[in-house]
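Paired with chain B in one complex and with chain C in the other, chain A is shared by the two complexes that follow.
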Partner chain A sequence: MTDRGRDIPAPPARWKRLVGEDGIQKWVFYIPVVFFILFFAAPMALTVVWSVFERTQFWMEPGFTLFAYENFFTSARAENYVLSMLHAAAAVVISFVIGFPIAVFIRRRVTRAAQHRVILLFILPFMISELVRVFAMRPVLGRNGVVNSVLMELGILSEPITVILYSPLGVIIGDVMSFLPFMIFAGFLALEAVQNYIFEVCDDLGTGRVRLFADIVLPLAAPGIFAGSVFIFVNSMGVALVPTLLGGPGAVNAGLIANQAIVALDFPLAMAISTIMIFTLVLLLYIGHRLFDLTKILEPIS
Partner chain B sequence: MYDDFANPWTIRLKWAYLLAVVFALLMPVFYTIGISFNLHGFGARIYEFTFDWYRVVLGDTLLVISLKWTLYLAVATIAATIPMALLSAKFYKRTRRKVAFVALMLSPLFVPADIMGSSLLVFFKNLAKGFAWLGQSLGVGWFDSWFDLGFLTAVIGQIIYTHPYAFIVILITMSRYRVQQTEAARACGANAWQAFWHVEFPQIRVGVFSSCAFVTILSFNEAVRTALLKGGFDTFSNMLVAQMLNIGMSGESYAMAGIMSIVSMIVIGTVIVYTLVRAERLERRARAMAEPVMSG
Partner chain C sequence: MTEPAAKAVEVVELGKNYGPVTALKSVSFSIESGRYYALLGPSGGGKTTLLRLIGGFLRPSAGRIFLHGHDVSHLPPNRRPTSMVFQNYALFPHMTVERNVAYGLKLLRVPASDIRDRVDRMLAMVGLVGYNRRMPHELSGGQQQRVQLARSLVLERDILLLDEPLASLDAKLRKDMCLELKRIQEKVGITFIHVTHNQEEALTVADRIAIIADGELVEEGSARDVYETPNKRFTAEFIGDNNVLEGTVSDVSATGATLDIGFAKIEVPAPAASISTGERAAFSIRSELLRIAGRDEDIGASWQVVPARYVEDVYLGLTVSHLVQLPDGTEVVARVMSDSGDNGRFEPGDDVAVGWPANRARLHVA
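Entry: the complex of A and B
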């Protein structure tokens, strides 16, 4: 077949069209979306449905009852949930106070080329198992641990302090040690939104540190700080490992309450707790998005 | 940004604070490793270096089997997560609904392990019952064990956990890649795969390998989701949790924690050193190219 003396290529075979860029190849990119809808979004959404099912001896059956919620709100679990929210909020505040100045320092005082290398210093502790890091706090915070030994050796203490392990304070310390690097990463990423010339202008105008922080850095870096805070808050509330290993008897958080319900084969209750937790998370993210526009966090990688 | 007028002592003080925080984060782990090499264990006045606790751990058949399962799980998770993370990053570049897509991909980061594990556990149990019912209705038996708790469900749980990290690392690496290079390759006659494999992949290779390392560590360290979804086998971290809760802080527990920490440090340390060396090499090359050529 010719056209003005030139060969026109024959149309590709049917199977080639099928696997071509407008065929299967195009749909391959949807695999992660389908996978995450099926195995992440669907289970999370169905949690709400399962939470109103009726409990049977070993499982649950379809129905509609709010017994699991009633069970949650009328028992000590609700009080423990609120208490774990307070502990989580304390962990967020402490992480911010310790971690955010480090993010600001790296961003402002370290040369551009070296900034990512300094951040790598915090990747190492973050990548060591959380289980090991929490477990490792026991010999450090314990009665005969490093903290007590050093403080007694220096003469600051006459006898060991026991309030830092197997107590609510132990849980908060564990949460801070577990999630502090994330505040530094989120803070550093957030400060990418603050251009250097802004600091230079403020320096030229002689702006004080407090004013620079409160009026310039904080509003501009707010989306990243908020995302980091939500991450720490939610994980402090939901990771059962920390109260299990550092909290001592009676210490619980939302994750541990859900776990205990699973062990007791009370699946609707576990799902009700998960629903309340997911609702808390969604509410926080919604408020954060309305206040700070969380999409700004993605600007550096867009 | 460097401030030439800043007080050098203030800067030094800030560096000291930064390093003190790094030290505080790492000290408990190194202390635990130190105890794991002490014959007399935690709290003893005498320190006698030994590998005995490690010999006990590696001589325990159940623990070795759990290590093998951990390895299989890590390999399966990497094999599934990395291609998916690559596809996700590519999809992110081309989709218009970026916010919704990223929200879906990164949401697992914000759902605590116990909550996600519980939801997936109930989901898979229901799914398994649904498939069994389907098999019964159709009169066939091969739907029976689909999504029963086991290796597959544990891998799915780990993919959901590790994918956001791999996705972010690959996306950051990809953000430096210029799409015009792909367009040029396509204009020269390369098909989509050739353009990706020969032009794009060599430039994002570091990110892909780094995310492989991250996924390995995350999979190796993961305990909670796997404990809920694994069914009949045990992983190394699950054995450590059981050991800690049932036996307490024994020499064996310290050695197991030591193995987990040392493996993580070796893998992530290699990535960090490689990244630093590579950055240094690229910087040197850039400096050499920027220098004016001296005429003779």
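Entry: the complex of A and C
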């Protein structure tokens, strides 16, 4: 202790600087960056690169060709892709119409202590395999399914409706059933950040229900609604399971188109479709940014 | 203002329960029109509940509320002649200052040109000229509260309710805002009801103060009355810096009573409530009225003097607090202005005498 006190401490060895007490703390913060590059940026970049590779019989080889894109845009795939976007958009709109009022209800009408428990209930479906969940829609929506039998028993229908299964409508219903909770979670979280005082001020000013919704609730929840919408849109376009099980012959979404390309061992085509999906979503985010100014809605509330 | 004769606020046996919890026991009182009225009390005492009942944000469990003579007990907030300024975070975060203030008028379908004028006039009143286009998060806490004030005042309702409006501001700003609130109230002339737990704030802004604790109205009076001549022991302990000593009433006369506090008999002026011999009672005396002197010094005629032992002094800036111990062990505080020559005369352990003007002590029963 005594003679060490007089010495100027030697600079720590390089490895010590990296993994020493400070070093470890410093590097911990880079783990997300590494993770992001390894599992997100790199695969995306490879997807784009591979989409212009030459197709071989079982894999692909380096090269540059836009054949996969040409193949995509000149076949029925492009049309199916656009349809898939429309179906996804429909699922988003329906999820908003059903899910957002649920979020508002939970925030406004359920007592504070119970709110999170009620929200947790909407996580329960995710504990069942998605395959099972989507498959279970068949006996519900089918010709002799629950919906049709009940409506026919009640005398509301004389013939079963067949348009709700093995059809585009079936796919949209399946998407809504699968991804609705995302709208509830995101909407609720956005509303949770709104102070109770805001609602009391509205009571004081005499804001009617319609104005309260249009002027206050909707704009304040916009970031959450947008986040939930992106989630639902992406999943509706990308999860191949839903059209496979509920769509019937010929029904596809973007994910299923890519799947089919992989099954056909046309990897550049699958990569091209994925690349187009990436750019579609980036474009949507950009449009959303221009419309809502995402930086602004992500600013702290109050 | 429709009926100037009627009280602005009249509350009759008003009570509020949350299930088994009683937030407000049967409270009755009234506020005259044009007053700056403070509801003062400790946290959880029911003062905010009372304000929210007046504003219509809570439904009363019992009793009635009359505003300007009309029974409003079951009307929603927007149909009462009241407007509320909340503690904090109550501005619409997605609207500019101007739109925040204008929003209430827009709901009332006031013509756009009128809205502009009235909003600008209100912003000028609260000292925020030129802040029209700012967003709430660009404002300081004090400025946000000014915007809230403008948003409420612009509606031109007759009673303004303020729920701890300055609680989140720092001490200096709070002091400035107090004076500002008082100035604005004098200018607009409407009734202000201000809830606070801060006695200095209440004394600064209010003409009249009601002390609310444990769901009850403890005492009500002018700011000067509750500070200088508190009737209830709770008031004496809550407001100002009072010494409270307990004893037994040993004698009652026409002008006062004698309290036996063990080592001395203290003469106290007669209280408002009637008392009888043998009753337990307490008296309070404000610390700034106490004087400390040597044992054989003459403090003054008609002063009540008791022996004590000097403990220590505590420097507080404006004043110095001198602690002395009475023969029965209780400590009392005498406050003296820091620049007075009375400081530094005694050492800890010195035998001293402590005295106060006999007619300034306040007797409190139970």
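We take it that the second predicted complex is superposed on the first by the 254 of 302 C-alpha atoms of A that agree within 3 Å, B and C clash if a C-alpha of one lies under 4 Å from a C-alpha of the other, contacts with A are read in each partner's own complex, and residues count from 1 in each chain.
FYI, a residue touches a chain if its C-beta (ideal position, glycine included) is under 8 Å from a C-beta of that chain, and two chains touch if they have at least 3 such contacts.
Treat the numbers as computed from the prediction; the structure is a model and nothing was measured.
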### Message
Looking at the superposed three-chain arrangement on chain A, would you call chain B and chain C a clash or a fit?
### Response
fit
### Task
Mind working out whether A:Asp203 is in touch with chain B, chain C, both or neither, as first, second, both or neither?
both
### Task
Using the touch definition from the top, say if A:Val263 reaches chain B (first), chain C (second), both or neither.
neither
### Task
Please work out whether A:Ile156 is in contact with chain B alone, chain C alone, both, or neither, and reply first, second, both or neither.
neither
### Task
Using the touch definition from the top, say if A:Gln195 reaches chain B (first), chain C (second), both or neither.
second
## Note on the structure
Of the two partners chain B and chain C, more of chain A gets touched by chain B
### Message
Which partner chains sit in contact with A:Arg211 here, chain B, chain C, both or neither? Use first/second/both/neither.
### Response
second
### Task
State whether A:Pro219 touches chain B only (first), chain C only (second), both chains, or neither.
second
## Note on the structure
After fitting on chain A, the minimum C-alpha spacing between chain B and chain C in angstrom comes out at 6
### Common interface residues of chain A - those touching chain B in one complex and chain C in the other
200, 203, 300-302
### Task
Provide the residue numbers of chain A that touch chain C in the complex, in ascending order.
195, 197-198, 200-201, 203-208, 211, 215-216, 219-220, 299-302
### Task
Give every residue of chain A touching chain B within the complex, in rising order.
21, 25, 28-33, 35-37, 39-44, 46-47, 50, 59, 98-99, 101-102, 105-106, 108-109, 111-113, 116-118, 120-125, 127-133, 135-140, 144, 146, 177, 180-181, 196, 199-200, 203, 230-231, 234-235, 237-241, 244-245, 254-256, 258-259, 262, 267, 270-271, 273-274, 277-278, 281, 285, 295, 298, 300-302
### Message
Residue numbers of chain C touching chain A in their complex, please.
### Response
55-57, 76-79, 82-84, 86-94, 103-104, 107-108, 136-137, 144, 151-152, 155
### Query
What does chain B use to touch chain A in their complex?
1-3, 6, 11, 14, 17-18, 21-22, 24-29, 31-32, 35, 42-43, 84-85, 87-88, 90-91, 94, 98-99, 101-102, 104-105, 107-116, 118-123, 125-126, 156, 159-160, 163, 168, 171-172, 175, 191-192, 214, 217-218, 220-221, 223-224, 228, 237, 240-241, 244-245, 249, 253, 257, 260-261, 264-265, 268-269, 272, 275-276, 279, 283
